[in-house]
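We call the chains A, B, C and D, going by the order they appear; numbering starts again at 1 in every chain.
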Amino acid sequence: MAEKIRLAVAGVGNNISALYQGALLYERMIAEGASEKELPGIKRPRIGGITVSDLAFVAAFDVHPNKVGKQLQDAILAEPNNYPRLDVGLPTSGCRVAPGLTEAEAADRSGPGFRRLVDQLRRSNAEVLLYSLPTGLQWAAEAYAWAALEAGVAVVNCTPEVVARSPEIMAAFRRGGVPLVGDDLASHLGTSVVHRALLGLLSERGLTLSSSYQLNFGGNEDFRNLRDRGDSKRQSKLNALAQEGLDTSNVEIIPSAGYVPHLMDHKVAMLNIEGMGWAGTPVSIDLKLKVQDSSNAAGVIIDLVRIAAASRRRGLSGFPAAATRVLKSPPEGHPAYSEAAVQESFRQLDGTAFNGDGSRALADTASHG
Amino acid sequence: MAEKIRLAVAGVGNNISALYQGALLYERMIAEGASEKELPGIKRPRIGGITVSDLAFVAAFDVHPNKVGKQLQDAILAEPNNYPRLDVGLPTSGCRVAPGLTEAEAADRSGPGFRRLVDQLRRSNAEVLLYSLPTGLQWAAEAYAWAALEAGVAVVNCTPEVVARSPEIMAAFRRGGVPLVGDDLASHLGTSVVHRALLGLLSERGLTLSSSYQLNFGGNEDFRNLRDRGDSKRQSKLNALAQEGLDTSNVEIIPSAGYVPHLMDHKVAMLNIEGMGWAGTPVSIDLKLKVQDSSNAAGVIIDLVRIAAASRRRGLSGFPAAATRVLKSPPEGHPAYSEAAVQESFRQLDGTAFNGDGSRALADTASHG
Amino acid sequence: MAEKIRLAVAGVGNNISALYQGALLYERMIAEGASEKELPGIKRPRIGGITVSDLAFVAAFDVHPNKVGKQLQDAILAEPNNYPRLDVGLPTSGCRVAPGLTEAEAADRSGPGFRRLVDQLRRSNAEVLLYSLPTGLQWAAEAYAWAALEAGVAVVNCTPEVVARSPEIMAAFRRGGVPLVGDDLASHLGTSVVHRALLGLLSERGLTLSSSYQLNFGGNEDFRNLRDRGDSKRQSKLNALAQEGLDTSNVEIIPSAGYVPHLMDHKVAMLNIEGMGWAGTPVSIDLKLKVQDSSNAAGVIIDLVRIAAASRRRGLSGFPAAATRVLKSPPEGHPAYSEAAVQESFRQLDGTAFNGDGSRALADTASHG
Amino acid sequence: MAEKIRLAVAGVGNNISALYQGALLYERMIAEGASEKELPGIKRPRIGGITVSDLAFVAAFDVHPNKVGKQLQDAILAEPNNYPRLDVGLPTSGCRVAPGLTEAEAADRSGPGFRRLVDQLRRSNAEVLLYSLPTGLQWAAEAYAWAALEAGVAVVNCTPEVVARSPEIMAAFRRGGVPLVGDDLASHLGTSVVHRALLGLLSERGLTLSSSYQLNFGGNEDFRNLRDRGDSKRQSKLNALAQEGLDTSNVEIIPSAGYVPHLMDHKVAMLNIEGMGWAGTPVSIDLKLKVQDSSNAAGVIIDLVRIAAASRRRGLSGFPAAATRVLKSPPEGHPAYSEAAVQESFRQLDGTAFNGDGSRALADTASHG
């Protein structure tokens, strides 16, 4: 078994609760005799030899008064977090939540706040920093990335903030010999991927799309906050459909149709598709999807942090193509990374690729696709 | 524009009503200025140069007293048919429904009943015989195929009866220089293809399938008759899922959950999928699909009869690989026909393939996949 | 047959389009031989002897440039109206849409704008003014009511603005001998009534409500405008549930979950109810309701305008109890009007009640419940 | 607290598993401090002073080899039972499952099999015999009733077999001074009651029903066995709707649309209602109901056995009107029992009624409605 990933987290929300509890749950399943293939919800039992329970949380940062100063195993259960309490014991982590950067501290990279962050990352011996603050804080995403780079810590950016897509930041990580994974994770089983699969099926079979809508709602902080940011998310989702060649003129997407507190961390999506078959006669599809929203994130984060850690351990820098399929916005856009490049990247991480100089190969992958 | 296909039909059920009315409707749309790309529900506007309205019905056979002796445009509207009356005029077809073969007549290929059928096919100058009697009459499917072969008429078998899969019959068609297309059409947008797409998505994303069910019900004769034959259909659908590598131990399929007369020719399917994501937390999908059942068939039949006619016009015999994707049981099974072979077959039919001897190439396709 | 109701309308939106086209459609059905009992969607074929097609539109007011100056039969089809064009001819109405009151004109009841409105109502010989401007214009609702009173025209207020509930206005209508019907119509088959029926069923059967949500969305102007006003509507819907003794602590209502333009004038509602039965084991209900939103209003408006007209014809003033069941906010609240009072009111309008002095009886009903 | 009901059960299926485990679960909730009002899924915390956990199982009969001879707490968990194992301890009951009557034994009431049954009932000191064998065994239902009567034990018949509706049997129980409760329990929250509520709502609001269907499916023995008996159950459900004055010409009910083993003891129902509102424009309702099937029975059985026990304790005989609302087929049909009679019956059982001679009053209620 591989050494556990030494993981630092910026933002102690539901995603971290899911990741933290889930890793322990899988650890227990394995201890109780489950084979790696039997673990539920796991696509790749190992990446670079690392299993899904090989996580050691060594540093955590947040600004919420319910979380700062708490042991991590307590902070993940503090409100407004509302991911379910899984049926697994939560031993003392030894990791205490430190105060996160303020906007003022982030602006001054030689000031005491920023220097303290770099120092904490260094002293923690973290291999990977997982950035998962609430969406919309571009300043924070950048500051944590620069701090991690200085400390030699690989970064995974779960949010839509521009980090891995920033040519400046990516170049600096390459120069610094540090992996940078992002941006914006694709859900494990998201509404978009289901919607796309069905619209694609209609198109492939030669039926004509008449209209479609998609509504998402839920009970966690994302849905409480999203109504305002709904328009940009709506447009980005429509763009994603349009990029696949689908006519979106009669397609409507409501990223946050409502905040329904008692749904807690569940997300519910309603899809409707109306189409025409032979002789213009109608076909209709109605679908309800219900997921544990933060499990939907953690199921992907577990791959991203393993890719980041395995890259770092192999001395690779920049963007590892292996991460492409579980990201919404990889640095060069999806078409830049062929399936062959993705598979080659996984082989590199697993140590089964044949090129001698992994570092250069990875950089090439990133720049040439 | 290509010459219209001279089409004979065995069985004048809802599928023929959909095909007959739909072809006229598309003809009117084109006459009113619609471009071929604007036709709703059509994947391939032309196959071998033939459009979706290039159909001339030249012979029809049925045994139902409501249909025999009637003009075809009237017979398609006779009970128990219940496909909707589309908004298009139905001019006199000039084609009268002749009495179909009885089981006794079918058994004696030198008897007067069988000879009369061969004679009628010959005199009609039919290019293609479309076999779409109710499911379960293996003797009828074979008899019509042998009669068509003798008359030099290509055959399309819409039913699960074994015709194109019969090595004996296929060999005879090849020797006779006549195309044979079958068996069992895949619906235009069937429950199975939707179910497979969603189960495949779960698997591809690494979620674990917990259980799934699929119920189909409707109001046409298929659903009235299906309850008895439900078990074989259930097993064949489960086999289809299993062949794709899906674990079907907790998957249940009810091909005919009920006969609901007022649904008429609509089919409704209910799908449920329960799965597990990260940490075993649940995901669930509920889907309702509603289609016009016989449009769902006609949207595929229109391709099969064009493939059969174009093959015959080009002097090809045996099974045209182009038909593979819209059949449930092509002669050698799906894996025998690569995407490249299918595309090459379409190019042959369109006259854009480069090999000089179409006939031999087609036979090769069929035998080598 | 009764004389047609001479109807004036303030606001020419989808509701008026539904009412206008529907009345003509029913007229044609009756002319073609349909009995009153066969008319679809009609609870009371006659009220005070008046049928559902006994409508003559004699005046119309609106401020939208697409509508002002147009013949009413054209204005009802002008954007942003998007009620469907029913399959019925629309002969010239002879009624032209006049410019509606501005807020400034409404404020000065002796000014030329207000005087012109009173004059137009008088000259039209209208019996009833139907007020159905967009929600939220209290000043307009009041001004139209005062103008109607001055012109001796009965008023029906379809909106939640306070008109019939205003003691001052109601007293003035009573003194003036004019009927006043309102406020806020209950939909013919609204989401709330379905939600209440199911929650009530759970309660009556002794199951325990765990949680519930209701989402509404659609494609007409109401849904475009509603997101802002959603909070007050949400609270009023929750209050309505609470008044029936239902515990609403885990019930969430989203009056406008989204604006989906291609749904046009359709409204879709999604309901979910989670409960507990014996031993706390779960029961769940998921429901999708789809209605033609403005038909849902017109199906109730047709009763309200007939009640208003019949009241006026019988010399009754104030609020007729017959209107209670199809209003959300009758003057004294629902409990003030017993079923017996409602039935007695209908009998008065039908001329089958036995009390000699209808006027006083009606006033009593209104004041004593 | 009242003395526990001494309960004998004929048939140890899922219903008994639900009843047995549920009673223990409620007992623990109360022991842990829950008030009677907080118990989930309970309409009447007490009937005749008896709580929902006041059950002592003193005798049990079954013919299945997996059950006969086992302790009852083990037998309820034996296949084919598949009610969930609730989260409550199952202490040794001291009640062992005895072999049930065979058809031959039932036919000879002076034979050793029947005599042994009477004897066992007597020796158990049972107050109530709950009859819940699989549907369709009229001979068994009668035999158990006669045996119980001879032993002086009240009977509750959960099945549609004719017992309480049999004038001969009812008269014998009255003469014998023993209560007899049946026939056929109405589910706690059944598909029929939900369907009726929605169809009734449409009718009450004046919308026109176009068509409707109801499909039920599940994974317990009822659904495995029901396909054959589906037709009679379908007709009885349609009759029930028709009796409420609903037009059922376009209503279809499929009592067992399918056996889906992985659903275990869950029942799923799909309802669709299509109607017409104003101007004939469409309204549609789609509903999915999911329940724990045997909890749905146990939630009603708990009332019936308490009613039977309380009746017996008060010396009442024959049919107690209090049972009417949770039965499908009370002796004289539903209309025979007014709401007042039902409430009076409950008051008798609670000892709060004022008539001195409870026995006679009860007999009167039964015979006069």
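As a convention for this text, a contact is a pair of C-beta atoms (placed from the backbone, for glycine too) under 8 Å apart; a residue touches a chain by one contact, two chains touch by 3 or more.
Here is each chain with its UniProt name: A, B, C, D = Myo-inositol-1-phosphate synthase.
None of these values were measured; they are calculated from a predicted model.
Chains that touch both subunit A and subunit C are absent from this assembly. Counting steps between touching chains, the shortest path from subunit B to subunit C takes 2. Subunit B and subunit D have Cα centroids lying 50 Å from one another. Each chain gets a centre from the mean of its Cα atoms; for subunit A and subunit B, those two points are 45 Å apart.
Distance between chain centres (mean CA atoms), subunit A to subunit D: 52 Å.
Shown for subunit B are the residues in touch with two or more other chains, namely 286, 288.
If you draw each protein chain as a dot and join the dots that touch, you get one closed loop, with every dot joined to exactly two others. Every pair of chains meeting the touch criterion is listed here: A-B, A-C, B-D, C-D. Listed in rising order, the residues of subunit B touching subunit A in the complex are 18, 21-22, 25-26, 40-44, 84, 86, 188-189, 193-194, 197-198, 201-202, 205-208, 275-292, 295-296, 298-299, 302. Subunit A meets subunit C in the complex at residues 211, 213, 215, 217, 250, 252, 254, 257-263, 268, 270, 272, 286, 288.
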